[in-house]
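Each of the next two complexes has chain A plus one other chain: chain B in the first, chain C in the second.
Up next is the complex of A and B:
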């Protein structure tokens, strides 16, 4: 039974909220682990105690985040089997491998080495401990790789084929799934965004210490590591974001057109709509300010290729729906026992558009009898809501350039040994700590909302992916999960703020603010900054 | 006495930190287990697999009339685990 629209929307909302909560923890783990590697590498190379203290202190904050974040993604897997049973069956053969590897990575590699990181300081040599820290970072990042391979496949389903006997997608090439260009671009863009978030976190906390003129020696070194790592990361995010957009333009033309509110196919190279208010009903963008050539150059990397507009894509999808109907007719025959070569050939020739025919299920149970009006309506459904995508994308990009400014300014003033007087910058950084999370969540929103109406792009409509559950059951589970995750978030904030307030004194080395009044770490910021 | 206290402090701190995290992780694991048993312990697609007949019903509207005869037996449809062996 196809679930009611409200059940599908509730299932989507539950999955979306859970994923967004989960991803509050992930970026900090991804980035902070590498900052620990950098700090500890300097400690191993120079033997300076302050770098060991930095590794241990930021490691504590990493530990809190790791403990709070680990397994929060498991509820997504719970939801696969229960709320998204049909989707789950459809993708099971593809997702089994990456999800199993991710589970192994998270529970064995990461958890083991995180334990060794905390309890191995007195048991391992310096180099051995550094290796452990490196493996923590590598394990965390590789875990993200497998998940993003799975997600990339949903955006660009390669290396798989539909089997009408088992009624699911089956793996034909693991190499194509792993080296899916969308997944690779998504992975590097996502982890680099995590590095930016972690850098801003370290930069922000260090700035707070500098503003309070406490632990300045410790803070200025942490600031330096975060500024350097953050600047490199934010440059990577921008370049890799461009690559991610380019690959999306190659395989998800509708998403790109919706993000850019590109209603009509403009002559090449297409202009970029910097600002405007997309009007979906009238299919135009009001008050648009356009920059000539930019969209064409960014999305096609050429001056002579067009960017197909939404109206043309809609017509293209109408044709694909009609073509998909022939696959649907052949599938019915196959399932009825007619496995003649002619029917198989008909199915094989049209099955890439089967998913488009399935969009008609929203309007009629008899897909083959769909009217022209129903076909046009189904084609209209292939266009996601443009306004939220248009605004979210611009918010994400705008924040990206703000981060570039912050890290560049931080690096510049630090290199000039003139950071302490720039109190405006330090205050801006402290207030900017949450912004990378805003950018990351809006980025995920663009990626996932822009994929609608599909769970697997062009293959399986969202509406057919969901289980026919009771709406009240979904309400209960959603509010229950929200309550659990909100509590976890509050606990994380409490522990983080507690240890940030204590500062490196939490290490009880006797060298930091609140422990002694006679140490260089408590020197005024100006003095330490000029060291 | 003061030196002894100072020496003991890092261990106490490390222990307290580990205790805090262990407590949080244990509570979280209990809550997640409770959530699983309350809402997600009877999945329609255990191990990401379900009966193709159900999927066929969802996709095609209803199982084909002669579903029992071809291309696979209806008796197999109660368990999704066995279908791949027919390929």
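Up next is the complex of A and C:
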């Protein structure tokens, strides 16, 4: 019995919300950890106290954010099993591997050393502490690598094969899974986006101090680190974003066509629709403004290869559904014990399309008795809603170029030693602090919503992946998650803003804004508990 | 490359090692958290209790996360079936675990006493509830979980949430809580001084004796219950379809392995003896011996539970043939082999740097003067 439609939708909503909520905290962990490494390296090399203060102050904000990242991360690990049991069974043999490696290679490193980062200042030498900070950064970034290898495999499932005895996908090549081109591009794009978010955060908070003319020495140095790191990062986000457009895998093709609202296959090189309103019903884009050649150049890197349009992809998928049905018929025979060479050959020949036949389960549990209309409807399901993808993608790209402008301008005026008079820029930066998060969440939306109706591209439909739970169970978990997450979010934002307002004075060194410098007796002891 | 049968056995052991790794390290963190209101009477004392674990709890909890990941990779069907059938219990445990990272990090961020008190209650819940639920989950393995597999290996469910709270499972929850409280008390007893240490000593004596008694009673109770017997299964050296086996029911069946291999009676006996030894060492004020004894008790109790179930890992009460065993609910030979290599490379590294971190953070915890600490 496949799960009821409302349970699947609730499970999707729950996963989407918890994953996107988790990813409010991940970017800062990924990027801020390297900013801490940069500040602390300068401290170790030059011995200038201000760089130690920078490491400790931004480290405090890092800690407030990190706790939420850990809190919300556990949910995701639980959820594959709790809400996506069939998915876990069906692809755990492959998908579980990067997740387990993430635990052993990355998460352990990050979590073991993060305590020492906060509490080891008085127990470690300078170099030892720098090493600890570096290992935290390395651990959290390696963590992202393995998660994105897992996610990349969902988009482009390579190195795996179906085993009819165990009724699941099994690993055939770990190398292909690790070096999946989709995963590699996604990794660099995603971590670099995290670096941009962290840089914008540090840049924005520093700009606020500069606008208020407080802690300027501290702020300008922080601004400089963030401007340099942010400029380098935003360049790699944009370059690797282009790399992500590279169409490896079936779902990526559909996603690309949907993002670009490419209804018909245009003659190569395809034009790029810069502006327009996609109309799913009529299968055309209203008010389209097209730039010739650009789409073909970006996505195929050639002038003679076509970018397949949505209508043609749909026809292809319809054929694959029909082909998949022969695989399904053979699978039933294999399961019934008929393992004759003819049946095996029939299965082998069509099994790459088995997943397409499974799309029919939504309409008829027996698959093989699907009517023409049902097959057509299932083929229609393989095309995601174009409008939200089209718009989200443009929002993300537009923001990316805004960030490029902000970091370039910051870098330029900083290098000209002419930053303070550019109050317009400083204000723009402060207001831009939330924007990288908007870009990141829309990016994830494009990647994951664009993958529908699949959890594993072309292999396993979302509809089949969920646990056959009762809707009341979902209501319970959803209510609990929403209540706790909302409360924690308010608390986190409160602490974050509070500590930003206090500024480096929170370190109680007596050197910063709002502290009375000569009253050292008021300074509390540096106990281990006060990070 | 090792043959499939050997790999399956090794992975049974490795899942056990990861769970024990969590119980030994994250276990005392949970215990310390649960004991927090009892061990620290004043705000400063509670600060000291938290300080004993605040720098290292995060790495310790990673054992749980990694055990989850390894379960996903090595026993995907067990991960899928267990997590979805125990849905309500796992969500509660998750909600309780939420309170820990923020609790540890945020409690010192404001001067307000009520703020810290609230987080300390959160840390207590975050310690006690998971300790209890992990035990209830283990208890449900012995009573069987209400699930069945269909011919597409999809898990379907028969029970309701309250089934999970049957008397035997709840009893196992209490055993688990007592055991981790003992471990937490043993840890605090070693790390602290003065009044807190005295309280931890008393707690270790009480919980040590309690754990030994409860564990023994649990064993006797188990002897009265039915247990599953694997009567027939295909060639365990090949890939098997889960559900393709014959499973029988036997009175006292969960103790059958001890009848087959009488020497393994040493395991539960060691569990009882080590728990009593924990109490004795605490009474004699032997810091390290108390922690070692309680660690041995924790290990022996978990191994006893695992060995009683062997070769089952997730018994089904709805359809015994759907019960998952270490033979038919595992990943492919290739995946098990690769994961074994990963473990061989990273486990020693993890042990090495964790030891270094503990060495850096060593030394007795002192209660700071009122007003300091912020």
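Note that the second predicted complex is superposed on the first by the 505 of 531 C-alpha atoms of A that agree within 3 Å, B and C clash if a C-alpha of one lies under 4 Å from a C-alpha of the other, contacts with A are read in each partner's own complex, and residues count from 1 in each chain.
Following the convention adopted for this analysis, a residue touches a chain if its C-beta (ideal position, glycine included) is under 8 Å from a C-beta of that chain, and two chains touch if they have at least 3 such contacts.
Treat the numbers as computed from the prediction; the structure is a model and nothing was measured.
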Overlaying on chain A: chain B and chain C, fit or clash?
-> clash
Please indicate which partner A:418 is in contact with in the superposed arrangement: first for chain B, second for chain C, both, or neither.
-> neither
Chain B versus chain C as contact partner of A:510, first or second or both or neither | first
For A:366, is the partner it touches chain B (first), chain C (second), both, or none of the two (neither)?
-> first
With the two structures laid over each other on chain A, which partner does A:166 touch: chain B (first), chain C (second), both, or neither?
-> both
Once the shared chain is lined up, is A:473 touching chain B (first), chain C (second), both, or neither of them?
-> both
Could you tell me if A:340 is touching chain B, chain C, both of them or neither one (first, second, both, neither)?
-> neither
May I ask you to decide whether A:97 touches chain B, chain C, both, or neither, giving the answer as first, second, both or neither?
-> second
Broader residue contact with chain A after superposition on the shared chain, chain B or chain C = C
Of the partners chain B and chain C, which touch A:71 in the superposed model: first, second, both, neither?
-> both
Tell me which partner A:46 touches in the superposition: chain B (first), chain C (second), both or neither.
-> neither
Stretch of chain C hitting chain B after superposition, from 37-45, 163-171, 199-207 or 235-243, is 235-243
Find the residues of chain A that appear in the contact set with chain B and again in the contact set with chain C.
-> 1-2, 63-64, 67-68, 70-71, 74-75, 78, 80-82, 84-86, 88-89, 91-92, 95-96, 118, 163, 165-168, 335, 467, 473, 476-477, 480, 484, 488, 491, 495
Along chain A, where are the residues that touch chain C in the complex?
-> 1-2, 63-64, 66-68, 70-71, 74-75, 77-78, 80-89, 91-97, 99-105, 107-109, 111-116, 118-120, 123-124, 163, 165-168, 170-172, 174, 335, 467-470, 473, 476-477, 480, 484, 488, 491-492, 495, 498-499, 524-525, 527-531
Chain B touches which residues of chain A in the complex?
-> 1-2, 60, 63-64, 67-68, 70-72, 74-75, 78-82, 84-86, 88-92, 95-96, 118, 163, 165-168, 328, 331-332, 334-337, 339, 358, 361, 365-367, 464, 467, 473, 476-477, 480-481, 484, 487-488, 491, 495, 506-510
Taking the complex as given, what residues does chain B use to touch chain A?
-> 6, 9-10, 12-14, 17-18, 20-21, 24-25, 28-29, 31-32, 35-36, 38-40, 42-50, 52, 54-61, 63-67, 69-72, 80, 83-84, 86-87
Using the touch rule from the top, collect the residues of chain C that touch chain A in their complex.
-> 47, 50-51, 54-59, 61-62, 65-66, 68-70, 72-74, 76-77, 79-84, 87-88, 90-91, 94-95, 97-98, 100-102, 104-106, 108-110, 150-157, 161, 239-242, 331-332, 334-335, 338-339, 342-343, 346-347, 350, 353-354, 357, 360-361, 368, 371-374
